[in-house]
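Please find the structures below.
You will see two complexes here that share chain A, one where it goes with chain B and one where it goes with chain C.
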Partner chain A sequence: MPETVSDPAATRSPESAAAATGRRGAVWAARAQRYGAGVLLVLLFAYNALATPNFLTVQTLLDVQLRQAAPVAIVALGMALVIATGGIDLSVGSVMAIAGQVGALTLLAGVGPVAAVALALLAAAACGVFNGSLVVRYGVQPIVATLILFIAGRGIAQLLSGGRLTGFRDPAFQFLGLGRVAGVPMPVVLMVVLAAVLWFVVRYTAYGRTLLATGGNPRAARLSGVRVGRVTMIAYVASAALAGLVGLVVIGITSASDANNVGLGLELDAIAAVAVSGTPLTGGRISVIGTLVGAVVLRLLQNTLIAQGVPREVAQIVTGVVIVIALFLQRRSR
Partner chain B sequence: MADAPLLQMRGIDKSFAGVPALTGVDLSVPAGEVRALIGQNGAGKSTLIKVLTGVHRRDAGQVELDGRPVDFGSVHEAQRAGVATIYQEVNLVPYRSLAENVCIGRAPRRFGLLDWRAINAEARERLAALDVHVDVTRPLHEFPIATQQMTAIARALSFDARLVVMDEPTSSLAEHEVGVLLDVVRRLRDSGVAVVFVSHRLDELYAVCDTITVLRDGRCVADAPLAELSKYEVVSAMLGRALTESERRGRHVGAARAAGAPTVLEARDLHRPPALNGSSVSVRRGEVVGLAGLLGSGRSETARALFGADPVTGGEMRLAGEPVAFSSPRDAIRAGLGFNSEDRKADGIVPDLSVRENLTLALLPRLTRRGVVDRGRQQEIVDRFVARLGIRMASPDQPVRELSGGNQQKVLLARWLCTDPRLLILDEPTRGIDVGAKQEIAELVDELADDGLSVLLVSSELEELINGCDRVVVLRDGETVRELAGADISEDAIVQAMAEGSAGAGEHGDA
Partner chain C sequence: MRVGTKAVAGGLLAAALALAGCSNDASPAGGGGEAGAAPTASADCPLASAADPGNSAPPTGVPMATAAPKLPVKDTYTVAFSQNASNNPWRLAETASMREEAEERGHQLTVTDANNEQAKQIQDIKGLIAQKPDALFIAPITEQLGNVVVEAAAAGIPVFLLDRDVDNTVAKPGEQFVTVIVSDFVQQGKRAAWAMAKATGGNAKIIELEGTTGSSPAIDRKKGFDEAITQCPGLEVVVSQSADFTRAEGQSVTETLLQSHPDATAIYAHNDEMALGAIAAVRAAGKVPGSDIQVVSIDGSRDALTAVDAGELFATVESNPRFGPRAFDTMEQYAREGQVPVQLVLEDRLFDKANAAQNIATAY
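The block that comes next holds the complex of A and B.
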């Protein structure tokens, strides 16, 4: 599985460096870092194949494991973009709630499913513009800038909901959550398509290059003619829009917008997925496939532990330990 | 001294990404000796130092300190064993006070709390010993680089270092500050400390070093008492070829040709207080114009203002006769300017990106069709400029941070050359790179100018200005005070203008 870090081949060096010294241990350490999440995925997969009844059925894989991982994975893709600029986006969970609430309310107001989706995404994107402006124009630190909507955003969603669950029933609108394309659940389709798009953007477009230059050395990027502010802004807007989309997926599945709970804590899961992929939070790097694998691994890990009767609390601790191991591997190969 | 040397490194091997950086290198320094370590960029000096100080693990060889084999796993370990390093870039905490920077990690305590009075007193004393008398409670970043450097040295000495490694400690110091530093080195030696001194300035080496080790391509090519080698021999060993010393290759032929050429860029009376108070400069097609001045005279500030990197509060600029005002570097690049900044690390390279991406960063808008990079053309351009500038690397996919300083600088030059600029602004293009690469870059600038490129060369090295420029504009306190052309360009004239130049004498005659 080819990883897309700062530069496809640039990341190969630790491995080849280690290979050149001919020390097997170093080679394995380098591999563990690059493919750590992938190795874990294979292990989890193998274990489940043996231990979990019916695991190896298309139904379990697509409808349970991947579908459950999809929301975090899609949010994590946006998060990876923001992290590549050297920032972070804590507001995604709240933005999901806002988008869900706007979608549900406009749908109930009778604007039709397409307009409702469009308005919800627009509201999400507006949140992204807000975040981006604070960071780009006013130089607010990303963690503080996005903390504002992390706190206030959920309040906005709750105000919009009037404190009640906003239920609805509209198959077209709920297609994002419940629909299927060629038998594959819509969230999984979205996850794969969006990851493919982002992978292409990072690898082949000028935006991808300027994104990594911006995160890697903003001063140098600016002096080389990169519109650093615009590049950063796009990342925040994309992150918010992806979060908004996931908000619609989530309320589509449950047929109701619950402003109190939609997207609660998801920002941290998304950051964890990026971290597990071996991407440093200091910016200048991105790994699209790694992020996807990271999100799936974390979900699968939790599901596996819970399926084995491990209490949820313990499962969370194990997840934390896995993140620590991922970060440790990353350090070691430095 | 008949004792075993304090430091003994034998047969050191180290390679990166399969490329050997060091092969069988020896280095020994007895207590009370200053050893010069010199070599071109990429020769392995920095790698050797990093192996010694625990930053890198060696692949083979032994290191002995005081006759005992050692194997430092971290800088901290090396420090505890008495090995202190002063790096090229100051490695301290900018927002903390001088005193804290001196005492960090081993601060005097009282009742388990930091004893600020003792910390400040100790720092003051240690700095005073180095002839630095300043308010030690002010944050480090408010002080000039020289003071920061002295702080780093004071810190190193506070660990009772027995071996002090200085990696180009003088590269950002002014002349009189260099003198103070060399005195400090001598004092260290006299007190029985062993010193490894890395510098590109031969005069400094001869002023302070007892012995010398010359590295070339990761191998030790000379190891002798310095008195036995002439400067010419040192440089020859370093370059591996005979050097036609003191070959003065003025550009006065080019000057004659450029005299009738149209003016490409003209800036008048640029203001950006406090740094710029009326700086003016013009460059003709195919002309190399030097921008001279002491530290703080507004050289780099003028360059940045021309490129749109910093806004100006007054003055006017014309490009090919048309008034222009760049609000960002992007505008300037579109108009055909390029700017290679002084600080390679902070303003130049994107360390994690590959040579390929670094090289084509400024060209991206033109390499892109509907947002997608044309990889074929990108590769073509990279190949062309890597060959043209002789950039040494494992592959274009190698992260640029792994290249030596000189090669990084070439990548940055290529970044601008591939945009085919009308005017290239070079701010200290040869700072911190070795004699060989310096020469190559000087020749390259010469050739480019002959092909019609206009160059504004900001430099603090008189030799570079005298040998490389058609005209030299001298700044003082942010103001253009003198302009010298052709035969009038001399060390004396420039120094005099920098030191005491008045705006009245010989002001920009042409333009």
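The block that comes next holds the complex of A and C.
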């Protein structure tokens, strides 16, 4: 059962296209396209199992690799939603900073951990409404619309923080970052649960189908009665809310909101995770598990290079090369 | 470690391209120390028994600034300060120190903030020149601000540079500007090495967390530390990685490195934020910061002093953001005597268990 869900009217699954032409090589190429990120994951895992001390321990896999991949993965899930509508969300890193700062400040103001989390998520969702309105109501191109909050959003967060780190200690508030459920770090739990929810929504709900129709061919979708504006708006709000949640996770882990650095550059990591999963940025398709695998692969690659003492500048080049390889694997069948 | 780098990068590419290529890299990277080698006695480490090297001696042979615009002796001055950014606690503390000191001495101070943009700082300074202050203080964003410094000199305004220099071929020290007051990052690194020797008795396998690649504090703090620990054969940096001066990166990089270098016994971080992240990572790995793993860093921020007091951070070398007193002393001395050295180094303190608690309240 193919995991990538696509709008049947807009695209044909590459595997069935290959099968139709009846070439074996093409079938393999199509599989590489679908599982390119998965192949990389297996290779990286095997390499680390052999070359990195202590890699094959529960602590390393759960607490280091998966826990560190979770923030990017969760943001990438929202990004995948927006990309499925044919858009993109550059503001997620800044929204993380805003949510983190709002959460930290309201917590210190004494509203209590639950209200602080709620207010932070509300602030993030408001950012999503702003993005969505620009795209839906005013027809601003998504990359431009979200660029506005990408720039201004970090300024807002810095203004709120006064340029200082906002430190705090509150186990309940920090549960999102530091808590454990049955021994599993909370960020990993969130990643798995949210991915499962999104997978279900995309696959089995009317929203999932209208989402892909919207991204695949917005005109056709509109003509066939899909409320394209509403579908798109929900995607942007979900993306911002997920980013806000991750902002809270990140500041929970470090016990301080750092408006200058929280989420810095994360929008690009999230887009890379979606791209590595083989999802085209043109919309109409989404791969929830692929996005998850993409985020884990990129983090694992980075950690592999760090663990081996590879200088950061070299690591960045290697990461670029690996993305190229992933995309190359995924392009061959085109 | 260096040998491993290329092999690993190459091996990884090979692994990504083909299914082969893994097996030849199978030896773990942590094999630096010979198995069974007895720990080197701390007698081999003169650093561990030496006194704190302290601040570097004032630079000798520095010429005096005599050709720069003069400053008349007055009771109070109208002065201006162009700050390059206010997006971190250190810069905020620097600006606050200038303001407080100006107020205390009765000087009128105008402050501009360039928001980390070079073009904005150049505009800021041009605007300040037009206001004809008695003296102009600049914390230059990069070395490229020489031309606008020359403009200030041409307008007859004495310029004092704080914490960073400008290109001396464009603006000549002692002529177009009076002096530059800087911190000695290399000496900070050396003092951190001394603290590390104290903390570990001169025997440690060290994880080094570097600052932002290419930044001068990262380069100089690494240089000073790496040079100093060559005195002690027992002190060995087993892996060195950039964590971008941030707490979150300090934590995630340390988590990864603790796992791949389980033999590490100490961490040297180029700033406090990375050290605080590293301490959280040490705790998360089930080890005790301050006993299983010793941590030493640089900056002297309030959070770091609190960590020193709690015994989690062994020591932090101050990188003093309080330029105010020294800046105005220098200005007033220049007015009185007509000359000061063209380069001055700010004094830093070292905070350890003995003096951290009493300094928390005044830390930035």
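By our rule, the second predicted complex is superposed on the first by the 314 of 334 C-alpha atoms of A that agree within 3 Å, B and C clash if a C-alpha of one lies under 4 Å from a C-alpha of the other, contacts with A are read in each partner's own complex, and residues count from 1 in each chain.
Definition applied: a contact is a pair of C-beta atoms (placed from the backbone, for glycine too) under 8 Å apart; a residue touches a chain by one contact, two chains touch by 3 or more.
Everything numeric here is computed off the predicted structure, so don't read it as measured data.
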Touch check for A:111: first (chain B), second (chain C), both, or neither?
neither
Spot which of chain B and chain C makes contact with more residues of chain A, would you?
C
Please work out whether A:129 is in contact with chain B alone, chain C alone, both, or neither, and reply first, second, both or neither.
neither
Figure out whether A:222 sits in contact with chain B (first) or chain C (second), or with both, or with neither.
first
Is A:250 contacted by the first partner chain B, the second partner chain C, both or neither?
second
Applying the touch criterion given at the start, work out whether A:152 contacts chain B, chain C, both or neither, answering first, second, both or neither.
neither
One more residue to check, A:164. First (chain B), second (chain C), both or neither?
second
Intersection of the chain A residues that touch chain B with those that touch chain C:
none
Looking at the complex, which residues from chain A come into contact with chain B?
6-10, 12-13, 16-17, 19-21, 204-207, 209-210, 212-213, 216-217, 219-227, 284-285
So in the complex, which bits of chain C are touching chain A?
1, 4-5, 8-9, 11-13, 15-17, 19, 22-23, 25-30, 86-89, 91-92, 213, 239-242, 246-248, 251-253, 255-257, 259-262, 273, 276-277, 280, 284-286, 303
Enumerate the contact residues on chain A facing chain C in the complex.
40, 43-44, 46-47, 50-55, 57, 59-60, 63-64, 68, 158, 162-165, 167, 250, 253-256, 258, 260-262, 301, 303-314, 318, 321-322, 325
List of chain B residues in touch with chain A within their complex
15-19, 59, 307, 309, 328-330, 333-334, 339, 341, 346-354, 356-357, 361-362, 364-365, 367-368, 371-373, 375, 394-395, 397-399, 402, 415
